[in-house]
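Just so it is clear, A, B and C label the chains in written order, and each chain counts residues from 1 on its own.
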Amino acid sequence: MSKVEARLKELGIALPEPSSPIANYVNYKVVDGFVYISGKGPVSPERTVTGKVGADLTLEQGYEAARLTGISLIAALKQAAGGDLDRVDQIVKLLGFVACADGFYDAPKVINGCSDLLVEVFGDGGRHARSAIPTHQLPLGIPVEIEMIARLKD
Amino acid sequence: MSKVEARLKELGIALPEPSSPIANYVNYKVVDGFVYISGKGPVSPERTVTGKVGADLTLEQGYEAARLTGISLIAALKQAAGGDLDRVDQIVKLLGFVACADGFYDAPKVINGCSDLLVEVFGDGGRHARSAIPTHQLPLGIPVEIEMIARLKD
Amino acid sequence: MSKVEARLKELGIALPEPSSPIANYVNYKVVDGFVYISGKGPVSPERTVTGKVGADLTLEQGYEAARLTGISLIAALKQAAGGDLDRVDQIVKLLGFVACADGFYDAPKVINGCSDLLVEVFGDGGRHARSAIPTHQLPLGIPVEIEMIARLKD
């Protein structure tokens, strides 16, 4: 078993089968070793988390939604790496959007749910640049959407 | 005539002359074969589409606005490719914003207007990673703004 | 003194000491000569600018906030360049968000505060692709958040 897969198992995380977008775009593109992953949300076969953080959801629930989003990002990254997460050199950048109630100013603490997961799974290589941006709503009513750039090993 | 230009003609699409930004930024940057194109909207010399999707505009009108935005992106990409669209290897990524009325959750279906166009024009090389993000409004009152990363052939 | 540092001095700009993010992300990542800088705002040890442009702040005050944000981005870029800003080849791209009051459509003119600064400091190499996107609010109540991609010299 790969090192990263062993770490996921230790953390009790099972990666979902990545869904195929039902449109003319793809889950990821790999160009010159850079992986660009399409925006993902807290959507799994079992459930879709919805609601605005600061109104329908607490900060803690938003954090969990961002962590669940991170699991979807790692599942897409595994696909991009040809099934072998040990080929991931580093996480480069996140751009995370949070559906925030008016006056809820803690979008960065929500996106920490994804950032913390990436460091738990990939260690120092999981540290990344990022922005955490509030918006008034997100597709399907989800609370969090995050896109990611990663780098594979040469 | 280049293959892509022939395809544009077949689709009945005439590329506008790209406007020059009236500020200290540029339409595009080419670095290491990657083309970064500045955010574009459904703005042409003939008309500027305005309004929020889900209130002033229907989903279908939003889709058309995203398609019109895609035409502007291709026009800028042609400029970046030194006038020859056959030098485009692939479309890498879109980040699309949609001015959405409260409770309009279909921003991805709006951005499909641009995604579908790119695949019509560039074929499989037109498939891309993307995010589709709602916002409460956009500059000039436009309904759609999209930025793009593409890759030129070596 | 480096050329860029001399230019900063001429402009009367003192770079702040970049703050360390208190979470599992970093100020910047350098990969293959590309520098990805995390979203920054008009936050300095002396003050944090807050408010929405078009309501609490005028366009001019928003422009100044974007300029202050640009100074933070240059400070992080200096760190990424190992302390030597003359190693910066070019600024590639900005993605700027502006907390806008309903009906304030001039987010691009706000982000000009950062774009103008980059050209003042780096000359032609400072010209960049960009998007300027309104949002209903930003973290901590700040009016502007901008992330940046730059390229170092080989």
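Convention: a residue touches a chain if its C-beta (ideal position, glycine included) is under 8 Å from a C-beta of that chain, and two chains touch if they have at least 3 such contacts.
The structure presented is a predicted model; accordingly, all values stated were derived computationally and were not measured.
Colleague: Fit chain B onto chain C over the CA trace and report the rotation angle, somewhere between 0 and 180 degrees, nearest 5.
Modeller: Answer in degrees: 120, to the nearest 5.
Colleague: Mind checking chain A against chain C and telling me if their interface is mostly the same residue numbers on each side, over half, or mostly different?
Modeller: different
Colleague: Measure off the straight-line distance from the CA centroid of chain A to the CA centroid of chain C, and report it in whole Å.
Modeller: That gives a centre separation of 25 Å.
Colleague: Where does chain B touch two or more other chains at once, residue-wise?
Modeller: 32, 95, 135-136
Colleague: Considering only the defined contacts, which chain C positions touch chain A in the complex?
Modeller: Residues in contact with chain A: 23-29, 31-32, 36-39, 95, 97, 135-141, 145, 147.
Colleague: Flag every residue of chain B that touches chain A in the complex, lowest number first.
Modeller: Residues 32-34, 90, 92-95, 100, 102-103, 105-108, 112, 115-116, 118-119, 126-136, 149, 151.
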